[in-house]
Amino acid sequence: MAEEFFDCEIRVRYAETDQMGVSYYGNYFTWFEVARTEHFRDKGVIYTELEEQGYFLTVVNVDCTYLAPTRYDDLIVIRTVIDFIGKTSLKFTYEVFLKEGMRKVAEGSSSHVFVNSEMKPKRIPEEVCQILSH
Amino acid sequence: MAEEFFDCEIRVRYAETDQMGVSYYGNYFTWFEVARTEHFRDKGVIYTELEEQGYFLTVVNVDCTYLAPTRYDDLIVIRTVIDFIGKTSLKFTYEVFLKEGMRKVAEGSSSHVFVNSEMKPKRIPEEVCQILSH
Amino acid sequence: MAEEFFDCEIRVRYAETDQMGVSYYGNYFTWFEVARTEHFRDKGVIYTELEEQGYFLTVVNVDCTYLAPTRYDDLIVIRTVIDFIGKTSLKFTYEVFLKEGMRKVAEGSSSHVFVNSEMKPKRIPEEVCQILSH
Amino acid sequence: MAEEFFDCEIRVRYAETDQMGVSYYGNYFTWFEVARTEHFRDKGVIYTELEEQGYFLTVVNVDCTYLAPTRYDDLIVIRTVIDFIGKTSLKFTYEVFLKEGMRKVAEGSSSHVFVNSEMKPKRIPEEVCQILSH
């Protein structure tokens, strides 16, 4: 079975660069978040609606490996895969490409737990689990 | 009567620079926010406690004039003055100095309204108003 | 003559919210920057190319008035007008709308000076000036 | 031999929170950067001077595990250890504590390579290597 992925395009903002002339390393995690939201939306899951229903997707662990820099105004592609989905947890993997030539410049992952507003783990709604698993 | 001010020191972070090699212009508003919090703390008003009591300080208007750049690792001083305090509103003015030599590099202001959690204007508690006025 | 504007769509990121549940006030200036870049691109001026030619667009003064909050996942429209263009300077005005219903939620402006890499004012190239004026 | 660490205090800014009411996960990497700078300064190495001499500390890999949330106005302690120092590379580990009670709330690491302004690996100056190793 082919692994299902979602590609999200982002243009690097001036605010996201640093004085080394490249994108600041911490901003990749913001891009991962944007890619997660759009991956969900692509599947019909609106993250804001999950929060309105009392589900919050906290982050447990993240990592990122930087292969080559990205720069201001670069059009990048964040390729997201839902790597794992359990009863209360979820893991995404990410690959970042420069759109021109689709050269991979970074890769990473993030592990999450669904919690309620008191930050206690909460089982993912069955329908959402079904949608995200396919 | 001498105008009362509060000086807050901040060191410019690498994350706050951009590829021009200077601090990104939007970050000054983050620094203004840090300076407001510390000005309040200096007077004995803890902003988190205000929020716990249902008072939120929204921003209505801001401006900033940039006289000279600041750079990574610069130690800067944000001088804050409570310019005006009304029944539900508050105005701060800010001057930004490079600590070394106290050369002024920027100045700005922010106008605020206290609101409740539904974003409706809410009268500042009398005791807070008293404290902030003196 | 009708005033010429450029509309740039931006979706509010989770990273851009704060604990008040709305977009943090300083982020509007990042959005203004994105809108400027796209306004330039729409006219055929690539800002990165200007920097490569030794022209840097520094910010001299900004302001923003917040009429209503924006929130995570809101699709907003930044309407940019080049308000003024002189020999070395440039002024933009911005209006921010919620795309749904095009309700105005903020407005602001930014004044800029073109400088060289030593931060000295530098005359805008004639052809760029021509393009931006029309 | 006791492992040598450096403790850097940071107060969580309002700008660093998100609508979940906690610090946004990507900001921990900004704090790690601040802690690295201060660790270097504590040892007598000024990172800006390294850059002026043509040494740039790029990031190759990072990770972070979040054990408990941090919130606006929390005073946190970033404990930094130089875990490894090679000819061109460097690894830091970090532990994040809430200062009150010194409860650990996160931990992470970052691996770096020193490069020149063309982003090619560059051997760390011997004296800096000596200083950082002790």
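Letters A, B, C and D name the chains as they come in the text, with residue numbers starting at 1 for each one.
We take it that a contact is a pair of C-beta atoms (placed from the backbone, for glycine too) under 8 Å apart; a residue touches a chain by one contact, two chains touch by 3 or more.
All figures in this text were calculated on a predicted structure; none of them were measured in a lab.
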| item | value |
| --- | --- |
| Centroid-based (C-alpha) most distant chain relative to chain B | A |
| A-D against B-D, pair bridged by the larger set of C-beta contacts | A-D |
| Chain centre separation (chain A, chain B; CA means) in Å | 33 |
| Cα-centroid distance, chain B relative to chain D, in whole angstrom | 27 |
| Rounded Å distance between chain A and chain D, as computed from the means of their C-alpha atoms | 24 |
| Junction residues of chain C - those touching two or more other chains | 14-15, 19-20, 26, 30, 33, 72 |
| Partner chain A, residues of chain D touching it in the complex | 19-20, 25-30, 33, 51, 56, 58-66, 69, 119 |
| Contacting residues of chain D [partner chain B, same complex] | 11, 13-15, 30, 33-34, 37, 46-48, 72-73 |
| Contacting residues of chain B [partner chain A, same complex] | 14-15, 17-22, 24, 26, 71-72 |
